[in-house]
Structures are given as structure tokens and as C-alpha cells.
Amino acid sequence: NGHSACESGRRKSCWYEEEIEQDLRWCFALNSILHTGASQYQDIALLDTKPFGKALVIDGKLQSTEIDEFIYHESLVHPALLHHPNPKSIFIMGGGEGSTAREILRHKNIDKVIMCDIDEEVVNFCKSYLAVNKEAFCDSRLHLVINDARAELENRGDYFDVIIGDLADPIEGGPCYQLYTKSFYESIVKPRLSDGGIFVTQAGPAGVFSHTEVFSCIYNTLRQVFKYVVPYSAHIPSYADTWGWVMASDSPLTVDAEELDARIKHRINGENRYLDGKTFVSASILSKAVRKTLAKETQVYTEGTARFIYGHGSAHNSNHHP
Amino acid sequence: NGHSACESGRRKSCWYEEEIEQDLRWCFALNSILHTGASQYQDIALLDTKPFGKALVIDGKLQSTEIDEFIYHESLVHPALLHHPNPKSIFIMGGGEGSTAREILRHKNIDKVIMCDIDEEVVNFCKSYLAVNKEAFCDSRLHLVINDARAELENRGDYFDVIIGDLADPIEGGPCYQLYTKSFYESIVKPRLSDGGIFVTQAGPAGVFSHTEVFSCIYNTLRQVFKYVVPYSAHIPSYADTWGWVMASDSPLTVDAEELDARIKHRINGENRYLDGKTFVSASILSKAVRKTLAKETQVYTEGTARFIYGHGSAHNSNHHP
Amino acid sequence: NGHSACESGRRKSCWYEEEIEQDLRWCFALNSILHTGASQYQDIALLDTKPFGKALVIDGKLQSTEIDEFIYHESLVHPALLHHPNPKSIFIMGGGEGSTAREILRHKNIDKVIMCDIDEEVVNFCKSYLAVNKEAFCDSRLHLVINDARAELENRGDYFDVIIGDLADPIEGGPCYQLYTKSFYESIVKPRLSDGGIFVTQAGPAGVFSHTEVFSCIYNTLRQVFKYVVPYSAHIPSYADTWGWVMASDSPLTVDAEELDARIKHRINGENRYLDGKTFVSASILSKAVRKTLAKETQVYTEGTARFIYGHGSAHNSNHHP
Amino acid sequence: NGHSACESGRRKSCWYEEEIEQDLRWCFALNSILHTGASQYQDIALLDTKPFGKALVIDGKLQSTEIDEFIYHESLVHPALLHHPNPKSIFIMGGGEGSTAREILRHKNIDKVIMCDIDEEVVNFCKSYLAVNKEAFCDSRLHLVINDARAELENRGDYFDVIIGDLADPIEGGPCYQLYTKSFYESIVKPRLSDGGIFVTQAGPAGVFSHTEVFSCIYNTLRQVFKYVVPYSAHIPSYADTWGWVMASDSPLTVDAEELDARIKHRINGENRYLDGKTFVSASILSKAVRKTLAKETQVYTEGTARFIYGHGSAHNSNHHP
């Protein structure tokens, strides 16, 4: 019809609004509110947004969106698995959304994936509604455990080639703080890594300013515990920020871009949309201001200290409520 | 649980936003987007809002909400029917939502209601989704006609005790402008009123400032055509404004509060939630500024003139697209 | 130039946003933020808004706007002064904005106005920036007292023809709750009224739904203390609601529209923009739902009870912090 | 005082809102609106925002903010100047804000900077209000020309070591489209570069999705004209996106991180906040999806073709209106 794009009738009138910080908002036009639910721990919603497609929101915080979750999940999973010579068993702390498991299961050499999330309702919600992860949830190599990740790791006797932290950011008093401390890494995580094992964790915002919130401190805490620590980052459009991850091991983490590309080709089913050798090289060369903060960071997460963060991370893939 | 009311997770994150004017917005927190659709004329949506319950939105403009539509529809329908000594046949121009018919059909003496709306899809949408009007849509006294109200009135040979205008506001170039002109009232509406018949129309915003948009001019136009003209108004919370209606006839419109209450009691099934004798008396005594404008208004809607309005009215119960 | 009105560059980009309720927002496009300040009690700002002109905001709550504050202040002041046969001395509880004093001082027969506001900084802010009240603040009949209104009334020995409550709504634990209780009215206010004296107070939102928040209870509380009590209301566009006031006295409050108009003409300098005889008659005939609630209201504000309200009223003309 | 952080009175109530795209909004809490003005070409405002400090807004589009403009301007200026063996004369197309000149003038070997912006009022506005650029505007090496950049370059007889495009994005029908075409680069820009000269331009959004808007096409257009073309990008928090630049020359652009750091140390006064050798290396290794699009891009900007972009870029440092 003859309606022009700027007619008032065509203005977007339903919006999802997120307070990234108290004085900063990020708003997506909505097509619909697909599903809403609540667990004993948190509220959960699946929205259909115009700019980012389906969006998973937990306790009013965006977790991931259909169109760009591949950036987060490929960055979380593949660098650690590719730096390991032959990863077979993986433990995910959190990850109830299923996307982390999905990326792991694309690796042909994987035998066993433990996904340990505390919130059964959130897992069931994602299993029901996130079509993109349907296959992963049904994969026989995936073992879903509903438990506190700390308790689960403490009580298991087996070892893992890669342990992945897909948890909400460490906020003092927050649900996941205890899963980012030096003592947790030292006495719970490291003992469960097999020889040459690698630990990787999401590490909160890593932008030119936002990296001081938790990223530098997670990095510094891991540096106290592991010999080799590699921080890296990527811009995630739906988060309106650059995000960070930290990979750590007692074995050297030195695989160059060509070898990464070769391993991707041989080990991973299907094609990565975000990560390849050059992308990881770029992602792991941090910009000047971030490198400076990381080099000078002295704070370590212990049971008694924490830094605050406002926003995404506060419930990011939240799975743990001690 | 222990969550306090001001946790970020508890902030409302999905909103319906309406531009009442270009520089004035009105936003309702959303529970869900229940249904959306489109006709050849307009987009339509049924939202579930926190402050006002279910809300019908056409082309990005709020039409009515579950919790306060009774104010608009009781005010539109009952004064005219109660001022008529014995109304039996009613013609609604527009009214596809069904609420106007519902209020009319509560009058025991009604034999026949013609609802003439141009947009079949909107009527079907409301029939399907507005539970509160289900019964009215099934009432055997209701005759639904999908047609242009002007053409329908021109071609019919029967007469009506009350004709009701439940149309979008008169905007030059808008879909309903021609249904508010002096010539339309004189040569189409008046000839179809039976003896003692009454015409009533919604008449746009009638607030201390907003009454100059179309209310005063609708009033003045009707004053050129009918001997007795009664403007009245009521504040409608979901419109964030006071709304206006104008009732007109060639017979005197003088029924006092007590007699109105008596007629309500005898003629109407169920109890009115908004309108009674005193409410109408108050509604028909306009405030100083509005009375002054109405007294001095000289503009008349003819085929060649119009005033602009931004907002609600531009698609209010929009039914007519010549 | 050739830019059309809907070019993105012409969209309004600075906004004032008010949460009327937790799930309802009201947003005005901004021209500028004229002044901001803070007292020991509250934050204060003077904004220049597109839809309503200059707007006074205290603690994030709209107090009054340039284009429609006359509705609130004429409604608060004139009915009480006009119902009194010859008011000479007036006491304002609160009113630091100065507009209430300005309206009182338009009455030629006034000898003395005491304005008692607890917040000197707010008074000074308004004195400096609200040009429309400059003259009133300089009027020699006006006596400004910085004090708690309760303490001031208790300690004074003089009597007043009219006492006006221009205070924030009664919220349990709020700054003004104690200035709305039965015991305050009985033992502090009434003893300071001269023979035939009238008390009037703003009484919070009075819309079809919102009148249950505090309006009905203020009415019922005054009904316990005074023989004659008249509630009335008016729609205030910038509040996005109908507002209420209650007038109370031990002398009858019966002046008809004609006599009100005559008194306005003889007693008041300049012309009222909102209030005249008919406007007051309409304002004091409440609609059915409101009348019903008021008739059935049983709650009385005492030191131990209160009702909650969210929004405007919570800081409306806030002046009292016991 | 005892107010808690989540009291409604402490909510942010004044906001700057930008539509990044039609269905995506980005909102900053406001402290104040410092200055507003208008030129014959555009509206201009200087805001004081809570999250990003002072923000320059032209025609409703954010241009730069106090806290992160160094990312944009260091990225625009330093790579090209550092890759040149000894740059002495620079031509800026646009750049009226003054920050581009400021960064250039930090290079000790610079003799002459021509800043050619078409909008004198915008230049004067920035000269008056952007304290951070005061010194640059007064530097005797800076020559300000108010003219169309194309006309100015065409008519000058001198040559430049570096030409910098600090212009709004190429939108068909937009003010700057003609300054991004193959013929403009070939017949106007290249002839004015001295031997070994380098051209660099801002190149619009370069995010995982947004790089297809104009970045890939600017890259491909320059690839038709110059032998060596280096695209690079950086996340700019206030833009809520990753931004792109393209550097082009007929001499090789191969300076490694160590040499860049050495040149920074020797040539630039003061310390860079964003750019150093490693940062540039990372910035110039694009991620997989972006590299793929660039490699496959076939479109070239000619007088007859263009791509559309919505948002920042549409007025970014807009200076040219043919």
C-alpha cells in the first residue's frame, strides 16, 4: 500500500528494554513475547525481537539472541578445545541454555559432555523452546546433571580434558561468586583436569572501559593458579559491548592461526560462523588500555573479596546458587 | 523469596509505547502480545498490558483497553438512548470492536442494531478475541454489515431512532473525514433519523487544551444542522486525556438526573459501571475554557476544510476508508 | 530546507520520563534542563519540556508545569476562598512553589498569607526561577515561614479564615502522612480556624480507578472532623490523571454557580483561566464509581494507618518532613 | 540521608535517545543539555550524559562523546600518519569537530593541516564548546577552510602526504555520497597525494553484521583505485558497535607492531590512550565473517550506485553537502 515508512502507524510500538547500567539503556523492538516462565531461582522469557531474533532473557537480563549467540558460544568453546591436543571429556559449569553443549558436540573426537546446571526449569525451558539446540539436548554423549557445579565437581572422581565456566559473572553476594575464586580454581577445578587439561571461562565485559569490572580480576585470579593464561575478547552486538573469556592451563597454550584452521577443518563438523585462526589471533591481542589494566591488576577473587558489575553478567547463563 | 522490589531483575522490561503527540509518550508495561493481524486497511494487535489489561491497538494507536473501555462506550451509547423516549432501532457507523453494540443491546427495548464497519478483518479479529463482546456478536438483534457507512446509509430505506458515530477522528485526508462534514450530517444522517431521532458521535479529545483539535469543530458543525446539540466529556485513564462526545437532535435533549436514573433502572439490563444521572450532568457541564472555545468556534467541517489531530483519534475505532 | 518532518534527524531525542506507576510511564520531549539543585530533603529540577513548557520536578516526580499548573492551583485555592464570606487571613501548609500564594493574593480582600514550607532551598529555587510567581513572593501580605507545618500551627496563637493543605500525599512512612490524620485535623487544624473558617487540601489522584489510593480516605477522614465536606476533582493533562481536592468546614458550603461567578468578579483581580461557577459545579459532582467509593469508605487516617500511593503525590509540593 | 539507591526519586528521569536502527534504541541518562544550535545544514547539540560525558549530537545522531572519542580519532589519524615515512602536510575532508586536527597536530613533524568543512556554524560551535580541542583550533599549523571538500581539493595546487576522510557515511542522496565514489578517489583525491601519500577514511560500522552496510563497499571501491588497501576496526562503546576505517596507498602499507610503537614514541607528543602497535595489529585482522564479505564484495560506489545505512554514520562528522 501507499503507507510510507515514517507514518506514525508504522512506528514500532512494543519494546524490550534492558538497563545495561543504571544510566544506559538498550531497547529492541518486539515482534512477540513467545514464552515466559519462572523457576525457584529466576524468571525466564523467550522474546521475538526485530533486531536480534529470538532472545532469551533471565531475570530481566539478556542472555543470548538467535542472531549472534554463535559469537559468544564459538568463542567460549572452540579455542580451549582446539588448543587441547585431543579433548574427549568436557565438563560445563552452567550452560543450561544448551548452546555451549551444542558447540562442544560438533567436535568429532568428543566422548562425553557433562552439563551441570542448578536450575532444572531453565534447562527444561531451553530444551523445549530453543529449536537450535534440540539435537544437542538429545545427543547421547551429553549427560545433564542438575546440581551445584562446585558440589558436583567436588564429588566426582573422573577427570576432564576441558572444563568450561558458562556462569553468571562474579558479583559479591551473587549466585556465582564462589565459582570464580582462587581457592575454587585451585582445589576444585584444577584437580579435576586431566594431564594437559584446559580451563576456560566466560569473563564478563571486556570493552575499553568495562574490562575493569570483572575481566581483569578473573584474569589475575587465574594467573595465580595456572602457568599459562590467555585472555581474549569479541564484540557481541546484542550485548552492546565487547565480551571477554579467559583460557588457562599448566600446559603451554600456543597454537598458531594456521594450525587452528587445520584443527577446525579436521575436528569440527560443519562450519564455524565466527571463529577461525585469524579471528582468534586478533581476539587474543587485546587493545592497549586493556593490556595495561591486566598487567597491573593485583586483585584476586577470594572468599572475602569481589567487584561489582551491573548488567548482562549479573545473570549471564546463571546456573549456580550456593 | 528474598528478592527486593528494586532488584534490576524485577524491573519491567517489555513495554507498549504510544506517541500521543510527537513530543509526548505514554508507555504500558506488557505481559504479552496476544494476537497480531493485518487487514487491507490497517494493522491490528491485542496486547496484554499490566496497567490496563487487554488493549486493542490499530495502526499503532490504542483503541480501547479492558479495564476502562466501559467509560468510552457507556458514554457514547447511553446518553443518546436514554434521552430518546423509546429507541428501538440503532445504526452504528463503525464500531467493529463490538463494545458499542454490546452496550446498545443491554437496552431491553431495542429491536434492531445495524453495525456498519468497512473492515471485515478487524471485526473478525474482535469477534474472535474480545471475550467480553462474544455475546453481543451473537445477539440476533445485531446485523453486521461490511460497507462504507456513508454508502450504506445512503442506500438504505429504513429509519433509525439513534445513529451513533463510532469512527476515527476527522483528519483532512484521513479515512473518516467525510463522515463528519455538515453536508454528510444534513443530507445523509438526518434524513435517516426517525421522528425525535438522536445522533451522537465520539468527538475526539476534549481536555483543557486538546478540545481545540476536533471537539469544538465537531460541535460547531452539528450546531449548523441540528436544533439541539449537547457536548459532554469524560476522563479516560488509558487515553491520558479527557474525551468528548456530541449528541444532537431536532427534539429537545432535556432529561434531568433523576429521570436518567429512572430510565437506566427500567430500560437497561445489568448495572452501568460509569454512567448514571449525576455523572451525565457533570459530564455535560464543560469547564470554562472549553465552554468558551465552543461558544466562539466558527469553523465547520465541509468537504474542503479540516483540522489536524495527532494521536488516538487518528485511528480511533477506525472503520471507514472511503 | 527540504527536510520532511519525519526524517530521523528531526525525531525528538531528549526526554523526561516519569514512572506514574511501576508499569506506567509518561514521557515529555525536552528542550532543555534549565536548573538542577538539591536540598537536605530532596532533589529539584526545572525542565523545559515541549508538551508542557517549564516543569518543576522534585525527587523525580513532576510537581507542576507551566501550561497547566493553573488548573491545580485555581482548584486548590479559589473554591475555599469563594465559599468563605470574607476571607482575610490564610495559612498554607507547604506551597513552596509559590503558585498557591499567587492565587490567594489575587483576592483583593486578603490581608495576610502565611506560607509554611519546611524546605528553604526549594522555596529559594522557586523564588529564583519561577518568573510567574516573582510578584507573589514579593507581596508584602505574604509571610514566609520555614518550619514544619504541624509545629508552626501548634505554636501560633492567631486564627485563619482558610487553611490550605498543599502537601505531598499521605503515604505511610512518607514525609506528610501526619498532616492528613484525624487527630491532626481535630487538634491542630480546626482550633486554628476562625469562625466560619474553611479547610481545603489537595487530595491526590481522583480518577475512576486512582481515587481509591488516597482521595476517598482523605475525604472520609475529614468527614469525621467537619460537618460539611465537599470533594471535587479536575483532569490535569500533565499528571495524566484526574486530581482531587477536599474542602471542609463546620459552616455550610453552599454557594451556587451564579453567586460563585459574582464573587469571582468582585473579589479576584484578573481573570481565572480554569475555575468559574459552572466549572466548580461540574467538578464537585463526582462520577458514579467515585461517589460509590466515597460513600462506602470506612478507613480513617490515624497515626497507625495509611494507604500507599505511587507517583505524583508522593512528593507533590512536598514540604513537610517530620 | 537515608534514601536508598532504588527509591523512585533516584531513578534517572532525563534521557537522550538514539535510534541506531528503526528497531534498536540506545539511551543515555542526561545530566544536562549544555548547548543547542542550528546551521543552514543541520541541528547541533552538546549534551552532558551520565554514561559517556559530553556528547556532540548532529541532526539527532551521536557524533562523538567525551569519554570515548579518542578511540575513533586515534584510529582515524595515527595509522595513516605512522605508516607514512615522514608526513608533513595533511588534508582533512570534514572534521569540523576539531578532534581529528588535534590528533594530527600531536605529530611533531607536521607542518600544515588543512581542515575543510562545509558547515561554519558547526565548526564555530565546536570551537566554542569543546574545550578539549581549544588548543588545536589555535595551532598556527591549522588552516581552516569553509568549503565543499571536493571543490577545495579540485582547486588547490598543493599536494598532501595524508588525506583524511572524516565525513558522514555514503548514503545515496546523502550529503557525502559523492566523496566516496571511485571517480572521486581516482580523479580528485589521488592526484593530490604526494609521492608515497596515504588516504584514509572512516568507513562506517564494521560489526559482524553491520559491516555489510557500507564498510565492505568502501573497501572494495578503494581497492579499485589504490594498490594497497588496509581495512581495520575497533569497538566504540558509545556507538554500540564496532567501527571501521580503510587506509589506502600506492606504496606498501607494511609497518610491524614494534616499528609502529617506535614511531609513536618518536613522533607523537603525549601518550596515545587507544592506539599502539599491537592494538593496530589486532584491529587490522578482521574476524572471519567480515573478511569473507570483504573478499567477495563486488559493489563499487560510482555516481550511480549506493547502499543505505541507518544511524550514526548518516551524519557522522557530516561536513559536506554538495
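As written, the chain order gives the labels A, B, C and D, with residue 1 at the start of each chain.
Here, contacts are C-beta pairs under 8 Å (C-beta built on N, C-alpha and C of every residue); 3 or more make two chains touch, one makes a residue touch a chain.
The structure presented is a predicted model; accordingly, all values stated were derived computationally and were not measured.
J.: Report the chain pair from B-C, A-D or C-D that duplicates the A-B interface, where duplication means over half of the contact pairs agree by residue number.
T.: Repeat of the A-B interface: C-D.
J.: Could you classify the chain C-chain D contact as same or different, where same means more than half of all interface residue numbers appear on both copies?
T.: Both copies touch with mostly the same residues.
J.: Using Cα averages as centroids, what's the distance between chain B and chain C in whole Å?
T.: Computed value for the inter-centroid distance: 33 Å.
J.: Could you work out how far the Cα centre of chain C sits from that of chain D, in whole Å?
T.: Comparing mean C-alpha positions, chain D is 53 Å from chain C.
J.: Give me the residues of chain A that touch two or more other chains.
T.: Touching at least two other chains: 15.
J.: Where on chain B is chain C touching in the complex?
T.: Spelled out, the residues of chain B in touch with chain C are 12, 15, 21-29, 49-51, 67-68, 71, 207-210, 234-235, 237, 240-242, 272-276, 278-279, 281-283, 285-289, 291.
J.: Using the touch definition up top, name the residues of chain D that touch chain C in the complex.
T.: Counting only chain D, the residues touching chain C are 1, 7-11, 13-19, 30-33, 36, 40-43, 47, 57, 59-61, 310, 314-315.
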